[in-house]
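Below, subunit A partners subunit B and then partners subunit C, in two separate complexes.
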Partner chain A sequence: MFSYYLRLALASMRRTPVLTALMVVALGLGIGAFMTTFTVYYLMSGDPIPHKSAVLFAVQLDNWDPNSPPTESAKDVQPQLTWQDGQNLLRADTPALRQAHMYAAGAIVVPESGEPPFDETIRATSHQFFAMFDVPFLYGGPWDLRADDDRASVAVIGRELNDKLFGGENSVGRRIRLDDNYFEIVGVIDDWQPTPRFYHVDAGGSFADTEQVFIPLLRAVDVPMGPRGNTNCWAPLDESLPTLQAFLQSECVWTQFWVELESPEQAAAYQDYLDNYAREQKAAGRFPRPLNTFISKVNEWLDVNGVVGDDNRVQLRLSFLFLLVCVLNTVGLLMAKFLGKGGEVALRRAMGASRGAVFAQNLVEVGAIGVLGGLSGVGIAWLGLRAVESLYRGYQHLVHLDPLMLTTAVSLSVAAAIAAGLYPVWRVSRLAPAGLLKTQ
Partner chain B sequence: MNDLGPIFRTLLRNKLGALLIALQIALTLAVVTNAAFIIRERAADVARPSGLDEPNTAIFITTLFDPKADQRQLYRDDLEALRALPGVVAAVPIQSIPVSDSGWGDDFYTTPEMTSDESINTGMFMVDEQGLATLDLELLSGRNFRPEEMIVRSLEKMESPRVTIVSKALADALFPDGDALGKTVYDEPNGEKPLEIIGIYDHMQNAWPSSENFEHSALIPALAMFGGQMMYLVRAEPGQRDAVMAAGEEYLARNRSRIVEIVRSYEEQKQRTYGGDVAMIKLMSAVISALAAVTGLGIVGLAWFSVTQRRKQIGTRRALGATRFDIVRYFMVENWLITGIGLAIGVVGALTLNWFLDTEYNTGRVPLWYLPLGMAALWLLGQLAVLLPARRAANIPPALATRSV
Partner chain C sequence: MLKMSDVGKVYRTELVETHALRDLNLHVDEGEFVAVTGPSGSGKTTFLNIAGLLESPSSGRYELDGTDVSRLNDRQRSRFRNEKVGFIFQSFNLIPDLSLADNVEVPLRYRGWSGVERRRAVGEMLDLVGLGSRQGYLPSQLSGGQQQRVAIARALAGKPRFLLADEPTGNLDSEMAAQVMALLEEINRSGTTIVMVTHDPDLAARADRNIHILDGRASDLPLGLSAKVMPLPTREAARV
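Here is the complex of A and B:
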């Protein structure tokens, strides 16, 4: 029966090709535009590390200027820590299962092969970073606590860089030159791209590539490698010290700090621990503001940092209204089309087709239009995402259509078409056959 | 307009169809006015002048990776070479680019007693005595930097500048009485790090387009040596920029202990800085065109179909003496009526949508004059869309009425 209805539907579409094309194009444009903005929104607000996002927490302390406005939520506190606070938290006897103190640095990689040197962003971090964020290794593994403490010249590199420098071979034990320092490679990371890159969401950098070079934190400061991300200061540096030393001891924030807390009890214990730390600092004359310490889970953290921009939300809202216009447009066209089918329907009813059968048959036709609209919508969404990719730098990890999105697009389109067609189809199946047949 | 009565009664017979188009028009008006408003706001932001000679300025960013190199000497050599390139007006070492979203912010205090919440925020640019010429700034009063005033700011040695040249906007914010020239400001509270304002220039934006103090900028005579990054701004004679960029890159790349990371025109940098706004402008324009197309084609489709449905009726009207023009007018008036109803609903929709966008995302309030403009545009769109099917209707021969009766 279904295939017969389908053949009828195709025959009916062929009879009104312009009207059918208009409906398919309108649905396609609406679905395409909506899927484009929705894909961007969905991936932006996606969980970058689903299996661990509930146990990973970003840490905030409030070391800021007593004269700046009062703090009401985590959004009002600096998203980064000073060097000294991060180091203090890392060394103390912490209740956390794992912790990582880090910052974004950079250097010039000088290939041994004589190829031209190039710039790389570097993550300077502590050894638990890799286990904490579940970083997959292709060769070797992370460095250990001793390497952190000894300020060892070791590095973990990414697969992409390993391909570029060593042709994809196991490079563990070989060395890499960063500026004029050599580092021994201890591990090679497999493809790893949490989206958004939650562990360091600087303005504009939330969808950046993960770094291709990781080195121990203290080693990076020894070089010294300056921070590449935002640096914010409110108090002057101590001029009696060399600039670097003064910077490390300053109230400038430029490092990130993450902890892994397995249970709510552990999280509560860590919150107490942070509060105690802040009180100690107050006693020592720092932290002039009221006590403000925050730990935020991954998804809360993305919210605190406003990773999904207002522009993205405006685009999503407007593209939804656009889809609504397209659906309304389709309803209108379907009404026109089905009212024009009165004669045919009357004939079928007179030949014995029940109202239900007429309803089902026409619904199949509407569904077929929906499928066609959905498919063209997928095509338009693909083009739309290419356009978005070229318009926004740093969106390359955001603009792919995954199978979920594809099925969503087609089902949304069918649903939209059926919603649009339900009333016209119902109307046409209620037509009294006798009256229409007489006028033929 | 004695057609109005019959047209209206016909509309009432197909209330739902008419209502659907009206609703579509209403939503279209709501989205189009808001999208057009967003476009204009963003375009106005992007169009704000930076103060630089935008079309003739180029940016060079290099990174030195040999720490043993004499960075100060390299600055000297580079500048001598860049300034000697044919077509170069002026060249300057600088630690951040105006309107690049990345720079150095600082707070100025006008008295030693001032607290940090009263201080005036500004963007700081480290340049030498060719700063004014390269950045295309006109000195309103005071003087330029002197070579002996140059200081060095590096990881080993952080010298403090003694003099500064500030934008008029910053001068007025610091000293509202307009007597900033020759005054002392403090870089830090409690009267620490005094600087004398030795000059005031007309206008230059700082690094951050979203900052409230975008027009606050200040120059200090300093060479930045934090890490190996060295940046130059070069201003070329009109038409010479691209040649200067090529020659400059060729020169800078000769030194093998550094890499030339970026050679970019200032115009391109500005497009990148405003990338989000440029993208929003393009996306909103796409939404407007797609909406106009869908709504327009929808009207064409419906009218086309309705002409097909009413062939006999139209033929009869023609046979009874209606001119072709009468038939065209019928469809035009019908569309005009439906669009009118839609626009009436759409005005409410547009204002509601704007209220929502403004409260949620601070888009700002649409000026009311957008509404009549959007309405006129949609009325025109409707009339144009219905013209083709209406002319087809007008071509229906009167003889049709006599057939198949």
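Here is the complex of A and C:
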């Protein structure tokens, strides 16, 4: 009977095209607005590295001003480390499987082809960054520990930059010029865009592109390449030193530190190690505040940093309320539509249709309207996401509708239409046929 | 075939209580062609609705084909109506955007017949009413008489044993009315029981038996006695 009911539904929709169009538009607007905000929210709050997010930890140490408010949670501690703490942890024999110390820098890339130079954000990091974050390589691979220690002029570049500079060819062994320095390319990364960009959530936005150039940390300091991103200090810098040298020796926080811990036992051991490290530093006259060390898994880290803001949640709730308003409007339109076909319902009842059959027939029509509303909602959501993309820089990774989102949009629309249609469909199935047949 | 005993029907609103049928007793045998006459407001349509299981009586007992139908739930009544009763209406009641074939197959859909069975039955019925070559037409492409023939084909498609006709020629000119009446007589001769409500004494005279309903009560009339000579309804039928 489903195909029969579907055929009747299409005929019924053709019979009242304006009313049908109004319902489809009402549902489409509600679904479109909701799916726009939901898609952004869903991608914002997604797990950027699901297969490893439980074993990757961001590290926090509290070296801050003793006069600042007391610490109650990881949210109250600076999200970055000083250079000296990062280097101390990196070089120590810790229980971590892997560690990476890093910061964001910047340089001018000068193409050999004579094309105009352009600015690129550089990630200065240690060699285990790539293995720890499962970065996929198109050509070559990461540099090794020796390159880190030797402060080697090597670089890993991204696919996009490789396409731009070398036409997509295997550029391993070739050179890239950053400012006045040449770096030998040892690897080319394939497309890689964890969303949110969890390993450095405050540099250029949590949803910015991943960097296209990676170089060894100590080599970046040698160049020197200053930090690009948030830099927070609570004590004055030593003005007798060059700026970067002053930063390296300061209590300013501007570097990120991640560790890979394979098990809860390893995580507990690392936490103990951090506490001991902090105690040592206190004994040496640093870390004037109470002992506050934290390690946070990827998703905890996103929460600590408020990657999904309260305004996103408010927008999501508002768009859901708008969807409810659209559904309520659809209830009224469906009432008008179904009560208008009371004569046909009465005839079908006379021909032997039970109330259940009438209910099912009209529910299929409601579902069909829901599908059309969902499809128009997908179109409206697509337009909404394009608007988000053009209005908000850095959201380009959040504005695509994947198959799951498309399915969700249509399913939600069908569910909304059925919710809107249950009462009208029930009412029409309860109509007394006798009185309506006479007036046909 | 049809047996009503002391059947009553009362419509109530907050202010008004209307007795449409009062202690109506009626027995129709299988294969009979019964004409039901009576003035407007006498209860003919209510009788027809109860006979066709579209309404339930407020009191009394109604047996159709040996079954006390007042005990059936909606699903059972619908199935009973689908299998045993065919309806013909004054205004045809064809669904305008369905083809003739789709209109005729409506009751068969609820019978659960296969596509092959439905197509065969629809073809037979449209052939019977002389419209077999127009299965794909829409009702609006037919004359009133042709539309009523389609409605008859629809009523007969499921081979019901009991046909209820409510003023089947009321919207037709005399020539078309005669054709439809001839068709009903032919259907009755094939064994189908017909109960026909009509205002037309000439049509009533062609039935096997005439029943007159007045003030909600039924009585047999001698054949050939015109409804025109019956007394006007009293106001007792409506009580405030």
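Throughout what follows, the second predicted complex is superposed on the first by the 429 of 440 C-alpha atoms of A that agree within 3 Å, B and C clash if a C-alpha of one lies under 4 Å from a C-alpha of the other, contacts with A are read in each partner's own complex, and residues count from 1 in each chain.
The working rule: contacts are C-beta pairs under 8 Å (C-beta built on N, C-alpha and C of every residue); 3 or more make two chains touch, one makes a residue touch a chain.
As the structure is a prediction and not an experimental result, all values here were calculated from the model.
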| item | value |
| --- | --- |
| Subunit B versus subunit C as contact partner of A:F118, first or second or both or neither | first |
| Touching partner for A:G285 - first (subunit B), second (subunit C), both, neither | neither |
| Touched partner set for A:E344, first subunit B, second subunit C, both or neither | second |
| First (subunit B), second (subunit C), both or neither touched by A:P70 | neither |
| Subunit B or subunit C, by number of subunit A residues touched | B |
| First (subunit B), second (subunit C), both or neither touched by A:S354 | second |
| Partner chain(s) touched by A:P403 [first = subunit B, second = subunit C, both, neither] | neither |
| Subunit B versus subunit C as contact partner of A:Y4, first or second or both or neither | second |
| Common interface positions of subunit A, toward subunit B and toward subunit C | none |
| Residue numbers on subunit C that touch subunit A, as the complex places them | 45-46, 49, 52, 54-55, 74-75, 78-79, 81-83, 87, 89, 91, 93, 95, 97-98, 106-107, 109-111, 154, 158, 166 |
| Interfacial residue positions of subunit A with respect to subunit B in the complex | 16, 18-19, 22, 25-26, 29-30, 33, 65, 67-68, 107-108, 110, 116-119, 179-180, 203-204, 224-226, 234, 236-237, 239, 242-244, 246, 309-311, 313-315, 317-319, 321-322, 324-326, 328-329, 331-333, 335-337, 339-340, 387-388, 391-393, 423 |
| Residues of subunit B defined as touching subunit A within the complex | 16-17, 20-21, 23-24, 27-28, 30-31, 34-35, 38, 63, 65-68, 101, 115-117, 154-158, 188, 192-193, 226-228, 259, 261, 272, 275-276, 278-280, 282-284, 286-287, 290-291, 293-295, 297-298, 300-302, 304-306, 308-309, 353, 356-357, 360-363 |
| Subunit C contact footprint on subunit A (complex, rising order) | 1, 4, 11, 14-15, 343-344, 347-357, 432-434, 437-438, 440 |
